[in-house]
Each structure stands twice: as structure tokens, then as C-alpha cells.
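Structure in C-alpha cells, see below.
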Amino acid sequence: MELGIIGLGKMGGNMAERLRRGGHTVVGYDRNPDVSDVATVEELVQRLAAPRAVWVMVPAGGPTQETVNRLGELLEPGDVVIDGGNSHYVDDQKHGEQLAAKDIGFVDCGVSGGVWGLQNGYALMVGGDEDNVKRLMPIFETLKPEGEFGFVHAGKIGAGHFAKMVHNGVEYAMMQAFGEGYELLEASDVVTDVPAVFHSWQEGTVIRSWLLDLMNRALAEDATLDEIRGYANDSGEGRWTVQAAVDHAVPLPAITASLFARFASRQDDSPAMKVVAALRNQFGGHAVESAKGADSPGADVKPPQL
Amino acid sequence: MELGIIGLGKMGGNMAERLRRGGHTVVGYDRNPDVSDVATVEELVQRLAAPRAVWVMVPAGGPTQETVNRLGELLEPGDVVIDGGNSHYVDDQKHGEQLAAKDIGFVDCGVSGGVWGLQNGYALMVGGDEDNVKRLMPIFETLKPEGEFGFVHAGKIGAGHFAKMVHNGVEYAMMQAFGEGYELLEASDVVTDVPAVFHSWQEGTVIRSWLLDLMNRALAEDATLDEIRGYANDSGEGRWTVQAAVDHAVPLPAITASLFARFASRQDDSPAMKVVAALRNQFGGHAVESAKGADSPGADVKPPQL
Amino acid sequence: MELGIIGLGKMGGNMAERLRRGGHTVVGYDRNPDVSDVATVEELVQRLAAPRAVWVMVPAGGPTQETVNRLGELLEPGDVVIDGGNSHYVDDQKHGEQLAAKDIGFVDCGVSGGVWGLQNGYALMVGGDEDNVKRLMPIFETLKPEGEFGFVHAGKIGAGHFAKMVHNGVEYAMMQAFGEGYELLEASDVVTDVPAVFHSWQEGTVIRSWLLDLMNRALAEDATLDEIRGYANDSGEGRWTVQAAVDHAVPLPAITASLFARFASRQDDSPAMKVVAALRNQFGGHAVESAKGADSPGADVKPPQL
Amino acid sequence: MELGIIGLGKMGGNMAERLRRGGHTVVGYDRNPDVSDVATVEELVQRLAAPRAVWVMVPAGGPTQETVNRLGELLEPGDVVIDGGNSHYVDDQKHGEQLAAKDIGFVDCGVSGGVWGLQNGYALMVGGDEDNVKRLMPIFETLKPEGEFGFVHAGKIGAGHFAKMVHNGVEYAMMQAFGEGYELLEASDVVTDVPAVFHSWQEGTVIRSWLLDLMNRALAEDATLDEIRGYANDSGEGRWTVQAAVDHAVPLPAITASLFARFASRQDDSPAMKVVAALRNQFGGHAVESAKGADSPGADVKPPQL
């Protein structure tokens, strides 16, 4: 079928290519004229026959909002917009309402697959009305991996990005689990070959997984991880997962611990631990002596006591 | 080669069978005479030619200690004992020293594989001296899965059970990760088909894993998990993992959160939360009034203040 | 000085009373005509001489927003609005900008003190411009407790509610700390008089505190806490604390654990633990047998392995 | 009454002094002859009239065990040993049994009070038989602070050190709570005077406490804590608290988070976070390229997929 794509970066460009290989007609727009099929979003809309489908693949937040605004002006009733970026599910709901007011459909789609998606397909998590999703199935069928997995119509508008967000939260905790296991093995006096332990786990264990395979790739390249600093960024999706949990009153201790471990990994020094150190100092004998010296020995000053 | 096995339960019996199928000569002893090849441990030792190898597959703690004691009395210098049970790595070190005093070798072996091990092989994590491990390689080769994975000589005595313990700790956190993700998806207003989301994740995602496959088996049997109570036991190994982390000053937040979640799942009511509720009650207006009534209004009583 | 107060509930009414006792002229408005000095907010504004100060003491969210909107219409340049409710600091910033556009000042004030504030004073945490805060100092001086503590100009608009929010987060973790300590003491075989332990801690220890005093009040009323269910609600401020931490990339493990413990205390059954139980079930022998029965023994079915 | 004290360091020496001031007859032994009243433990025992009471105030572990062993040899039936050090409650139970076999009594006593105990008294938490505790009450009465608080007979042998251990666990979480609150306030854009916020909290708030007073002392000395590194040691008692919780299946999330935060504060780099960084690296495009270069493009190599 015919599809407009706005945003032809690494992800959008590869998805356009996979769709063309699958026999679809793709009209792409990008701010970079070298990769763009059309000069403007307006032209893109004109090039498509109604009812149109336009896939938005631009950064979450401001750029996505601006694109939705622009499409709201240009599209016609019966057209549909798909947000395939990393938007927050709450924004999806706003965008859905905004477009519904003009009888334009909206579908959100969480996409997993990275640079290998062009070849192997993308895992797709989709939210929106049954009608809109059905109509877009030819596109989803081409983008997804072969076989029975890798695509889900998860629910209403926002459900696709919600599912993708939770996927990433689970991912955080699984990575943390391997990290903690590694650290404990490294700390052991009796275990002398940690990479060999991880290598062996790839068969016959409960924890065999794609992340374990990646872990073994990493250890094959650098057996002691000496070349890598223990500094971990976090994508917004881990934060959103914890905030959604708080909003829904869902306890999420392992995932949250994983997010906090990343925050801590980026600190040169921990303000919280400064406080703990300062308090330990205060009720130790040494600090008390200096405090005595500094204070005038007024009756109101409660002496520190252990 | 020739091997004695003490303990012919579900695990020990199947391992004996797999070894026999692999061409080894196995002499098994069990307290249950129906499955035992010999009447006593003494007879088992007599039936084996020196230097002997005896695999102990009995419950950790008392039974293993008694068996090691008995073998210490019966075996000769140059023989070797393998503890294939779920012993604590600290006990391995004691057992190793106890037997070394009599020039008897000791190897610990963490075993993973459950009821499918007979057919597919067991993942083996081994600790002990290079010489003893080498000598037992024919046994390990038969027990392990085919291919390059599923066996590791992890280090010194205790390293096998240490590695298995950490494996189980990682397993706890991975299971918790899926549990937390499931709970958050279930709490969502927008996601309407949670089992379909998990189903889709089996291809093209970062979190694809054997546990995810099991999760999907479970959801296929009971899509809402209504038949299952949120009550989770814990094997000793999760506890040992956390205690080892504390001993080694290793922060293990996600794994520990997973263990604590299991503890909490088994409580009818939480004493800690009784305290929190009681404290909230105390500084609310209602409780203050009743406290006022109970106290004589002496000058020493500090009034509660929010 | 002269002050308008909107909202004369338990808190607002007592604050008005304390201010009158302190010599201030208070004009109060409430939707309940029985306690209101004026019939409308419009009348309240008319009764005050410019430049006016109006204290808003209504529920956070919608009611506060509506009141700010209305005051924006009625007040004049040079007037100032104080939000003494439990607003989110982010809303303060919006309200501040909204009123600044009309040259109306805005100050946010986090208030602690409950029913005892009338008598003992309220702890006040204030955010806003130096000029506005200075001008309102006569009000703050009367509301705060006597002595050097209990008042802070914490920073810009939002800082008062931010500080109050953090106070409540710290409070959550302190309550959780006592709860955990209580639960561990109760679980001990050797400690036979837990209330006596808490009682003794009120002098000479590091943890002596007002919350410990409250804990001892609670234990004096119900030594085993049998009458109290371990069910703890949470005010919005604990959630906001965790969400602010996530927004600021600050690890907050103890406070977050305390919030999650409250969430869990309100669940009849834990969906996450259902998953953990289901997964344990899947790789145990029993479940495998039922799974075998259900599946056709096709080659694609990976057998579960421990 | 008459008391022998073994160990006249900072704590033991001051306790001896407080007892003497209170009218008791104290015979002290220390390895340092300058402070010792007797040349040997044997002489100490000889100087006391039966039935004797000997207070042991030496480091936990080996030194305490050796002292208990020696006293077991020297004392007579009817004598009693008090362990006032920081022993693990499990060791108390062993020591109690060891001495009971010789009809020598044993009492454990957790002591809090530091350098201020000489003047203000020590908080005492005691475990042991009713008879032995009663007999020692004159000693405890002199050592404890004046008033109704600061002493508890908590239960059986071990209960004193168990209660002290839990006290320290609670202390960890309270310190962590203040640390987390401080860090979040520091991270805020709107709060500009964090020390003033803590200062104000000393009156009228829920979290007022002795630790908050200490926090304000620390901030008075160094308003930004710039002079203090966020590096926090841990006494053994925090570790024991978590391990006791694991032994008793008690979830202790806030206290454990506090312990782990201290562990992490002492790491130059986090091995767990190296793993997380390495895994993130593996499924990013860059790392995949280098992995492609390194691998021979064999069919077995599963390509990384996001």
C-alpha cells in the first residue's frame, strides 16, 4: 500500500527501505533534502491519495508535537497518522484526541529492532482503534519479523508505547541482574574464571537469553571489562516506567533499583553519602571534640550521644 | 569410567541413568533398597576400584555432612568425592579441608537441568583442583549438554556451588523483572491484551529469553493467572546470594528486592506496615484525640505535631 | 497586617484563628457560609485594601487552579497570592507565571503542623521573591512556632512545596525504618518484649525522635498492634518525591522502597508474584508434566529445562 | 556491688569510671598495664569474691571468644559473665551454652552512648535469664541514663545484642533518609538554601530527631559538605541486620538499600555498571560493527538485534 514517512534517519530510512523491498509505495520526507523524496510535508501529503497513512519517525517531544500539529492542518478526515517514535504514552493520548477532533485517525507504534531491523524485521507494539490497525496491517506485516512473534495490537491509543516502555523497564532489570551476578562472582575468592562461568550458562540454565549472549560477546572482547567504565546512561523510557508505576500505585522494586543504579553510576560523588559520612562523623568522638570547640557551651546545646 | 553415586532420588537417579547410557559403570547407593545397587555405603566403596570417585547427591546440610564424614572414614588417599547437591560454598570449603586431611580429593559441582537433564544434559559448574577436575572430565562430558556450553571449571573448591548460587540469584531478578512488567501492563488503562504483548516479545526484542518462553507457556494455560496465587517460595540459594553479597560488600539491589518480594508474598499481614499505619494514625487528628483521652495531661507529655 | 484567606477548613480555619489571636485582620471566605466572613471571593477582594495579600488554603489540583484563575481576574497589580495548600511545585511555577503576567505576586508555602498548629505554631517552608516574602513576614512570624526553627524561605517559587514534599519523603523512609526494625524484632526467637525495646530507645540512642515517641504511644495503646491492619495509604507527596527524583536523576532507594511497601500493603494479591509463582511452576517437574500433556509433541516445542 | 571489667579502652574505661562514681567496686584488667588494676585475668578473678560478675568489653569475634574461653576456665559455678561488646547474637548463644555447661551464667548487653556515656549514661539492651539480670541490676542502674528510658531486658541470651543490632539497622535507614532528602533538595532548581531548610525542620515537623540535630551541626560546620567525601563505612551490625532479616525471611528493603548505598559509596567503579554499559554497547550500532569485524561471519553467529 501507499505510505508517507516523515523522518528518514537511521530508523526511518531503514524502515522505508524494508517497506519498498516489500512492495509498498513510500513517499519520504526529511529535513535533509539529500534523503527526502519531497520538499515539504505539504508536498508529501499532496503526493498521497486519500485516505492517507503517514508514519511519523521523528524525536519524541517537541519534534513529534510539531509534526502532529502540521499533519492536523494538512490531512483530511479519514486519513491516519502513525507515531513510530519513542513518544510517551500520555502524549499519544493527547495526539489522538487532537487529531480525532478533525476525524483523523491515530495509531501509536513502539518499535524495537535497531540496525538489524532492516534485515530481520522490527518488533512492533501497536495501540489504536481496531479499524485503523486493521487498515495498516499490510505495513505492519512487512515491517515485523517473519513468524508468529514480533507484532501485537496491545490496546487503545498509547498501548503500543506503553508496552514498549514496559519492555525497556524489564530490560533494565535483566541487565542489572547480570551486572549484579557478575560483580558478586568477581568479588569471590573461589571463582577464578568469571567469563568462563558466563560462557557456560548459555546452555541448560534458567537464565539463558539474548542478553546473556550479548554479555558473552562483551566478555569475549574484553574478559575483565577493563576497557569499559561503569557509567550507564538511561533512555527516557526507564524513567517513564518508574513514573508510570508510581502513577498506577504498582511496586516496581527491581526495575527502579536498576534505574537508580544508573543514576548513581554517573555521579562523581554522592551527596546522600556525604550526609551519611557527615552524620557518622558527628556522633564519633573526633567530630564531637571539634563541635565542642566551635560551640559556645550554652545550656541549650544537646550534646551528641551515640 | 567407574563412579559411585550416593543418593538416587529424582536427580541422582537420572544422572546415574545418563551416565550408564554414556558407557560408564555406576554403583549407586540409596537409603531406599528398591533403587539401591548396594546395601551400604561401605559396600559401595568396596565395589569400586581405587582410586575411587564417589558422587554425593543428597540434601544439603546435615545429610551431606554425614555422608562426607562417612566417606572420610571409608575412602583411601587418592580417592575423590564430588558433592553434586545444593551445598553452600562455605560448607564445600570445610568439606574439602576435612577430606584433604586424609589425602582424599574433593570437587563441588552445581547442577542445573531438572527433569529434562536426563535427555538434554545438565549444566555443570565445578570447583576444585585442576587434577581432580581433569580426572573426572569423562563423567562431566557425559552429564553436560552437547556443544560448547553447559560446563565450567569455575575455580577453587566452592566455586561450583558459588557460581550456581549466583545463577539462581540472577534468575530471581529476571523472574521479578517479568513479574513487575506484567503487573504494570495489567494496571494500564490502555493495554487491553497483556498476554498478546508477552507473546509478541518472543522475537526481535532485547528481553527474549527462556524465562519469557516459560512466561508465555504459563499465560497460554491461564491468560489472567487467576488460578495462581501470588505466593512464592524461595530456595536457600537466593538467601545465600544476598548473604554472600553482604559478606563481600557487594551491592545487590535488584536481586535482593526480588528475594524480599518473595518474603512479602508469603505474609498474611505485614508487621512493618502495621507500624507505618499506626504512626500515620498517631499524627492524624483522630488518633491524637484518643491519645489525649488516655494520657493524663502532664507537662512531660509532648503533644503530637504534624 | 490584613490578610484574606480562601478555604476555612480544619487547617485554614485554625490558621485564621491563630492569626487573629496574633493581632492580624483576617477576612475569610469558604464555600460553607456558616464559617465564611464574606459571600463571595469578589467580596473578599473588595474588603481588603490594596496592596492585598490572599492566602489560598484549598485542595491541590483543580480547586487551587480555579482559585488562582479567579484571583487572577479579581486582584490588581501589586497584590500577592500565597498558596498554603499541598500543591505540586510544578504547579506553583505555572501559577506564578500566570499571575506574574498580571503583575500579581505569588508565594508558595508548605505547611506542617496538623491539629496542634493552632496552639504550637506551624512549620512553614516558603518559596518566592525576596520582596514578596519580606512583605508577608508578619504573617509567617505569627503562624510559625516560637523560637529559631520552623520557618524557612527556601528559594524561588515552588521551593516551599518542594521542601515540604522532600520532608514527607524523608518521613516515609523514617517510618519504614521503624516498621522494618519492629518486624525483625518480632521475628526474633530471642527478643521476647519488643515494646519494651522501643520504650527503652527513647533515651541515649541515635534513633531517638518524635516518630519514635509516637511509636511508643502506639505500642502503649496496643502492644502487639493486633488491632491495626498492615495497610498504609500514601499522600500524593510521597509519589511526587519519587517522581521528582526520577526527573532529577537522583537515586532515592530507601524512600522509594518505603513508597512501594505502601503500594504492596494495599494489594490483596500481587500480580508480580503470580508471575514468579507461575514461572517457578513452569520449570518444576509437575508443571512440565501438564505442559507435556497439553502440547502436541512437535519438534518446535523447546522443552523446559531447569 | 563488685564487678570485674576486662577491656579498659575508651568504652570500658569510661564505664568503669561511671560505676566507681556510682559507688561500685571495680577491678579492671587490660592488656595495657598502664590502665590495668591487675596483672592477669587470673588475678582479676582472684580479687573478686564469689559469686563473681565479670564484664567483658573487648572486640567482638576472636578476642571475645578467647576471653570467654579463659573465664570458663577460671570462674566457678554461680559466677556470671556479661558481654558488653558488639558481639553477634548468634555468638552470644554459643557463649551462653559454653558457660552454662560449667554452671556459669551469661548475659549479653548491647551498649549505646559513645564518649558522652560517662556523663549522661549508656543506653543498655540486655539479654539473659531473669535471675542473672536481676542480680546485675545495680550495675545497669548506674550505667544507664537517669529516668525511665535507656534500659531494657529484651529477652533471652542474645536479645540484647539483637536489639542493639536492629537499632543500628534502623539508624542506617534514618541516615539514608536524610541523605536522600538532602540530595534531592540539592538537585532542585528552585530550592536555593538547603541548609536553611534543614535548620527550619528542627521544630514542628514529623522528622525532628536527634539525627536531624546532628545534620544541622554538620551543615553549620560545612554548609555544602564540600569538605566531606561521600564515602561511608559500615559497622558489622548493619550487615548482621540484613543477614538476620534474610535468615528470618523478613523483607527489609529500606535498611538494605541503606547498607548497599554504603557499599557502593566505597567503589571507584562499579563492576555491575560495567556490565550494564557493556550490554548497552553491544546492542548499539557501533559495537555491532566492531563485533562484525572481529567475528568470522559464520552462520552460527546470531546477529545482535535491539
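The first chain written gets the first letter, and so on, giving A, B, C and D; residue counts start at 1 in each chain.
Following the convention adopted for this analysis, contacts are C-beta pairs under 8 Å (C-beta built on N, C-alpha and C of every residue); 3 or more make two chains touch, one makes a residue touch a chain.
Labels paired with UniProt names: A, B, C, D = 6-phosphogluconate dehydrogenase, NAD(+)-dependent, decarboxylating.
Bear in mind that the values here come from a model prediction, so they are computed numbers and not experimental data.
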Separation of chain D from chain A in steps, with touching chains one step apart: 1
Longest centre-to-centre distance from chain B, chain (CA-based): C
Separation of chain B from chain C, taking each centre as the mean of its C-alpha atoms, in whole Å: 42
Chain C and chain D: spacing of chain centres that average the CA atoms, whole Å: 32
Numbers and ranges of chain C residues touching at least 2 other chains: 112-113, 117, 120, 176, 178, 180, 183, 187, 204-206, 210-211, 249-253, 257, 260-261, 264, 270, 272, 283, 305-306
Arrangement of touching chains [line / ring / star / complete / other]: complete
Contact footprint of chain A on chain D as seen in their complex: 10, 112-117, 119-120, 175-176, 178-180, 182-183, 186-187, 210-211, 213-215, 217-218, 221-222, 225, 228-233, 253, 261-262, 264-265, 269-285, 288, 290-291, 294, 302-306
Interfacial residue positions of chain D with respect to chain B in the complex: 204-206, 234, 239, 242-243, 246-247, 249-253, 256-257, 259-261, 263-264, 266, 270, 272, 283, 305-306
Touching residues (chain side chain C, partner chain D) in the complex: 89, 93, 112-113, 117, 120-125, 127, 144-145, 147-159, 162-163, 166-171, 173-174, 176-178, 180-181, 183-185, 187-193, 196-197, 199-212, 241, 244-245, 248-255, 257-258, 260-261
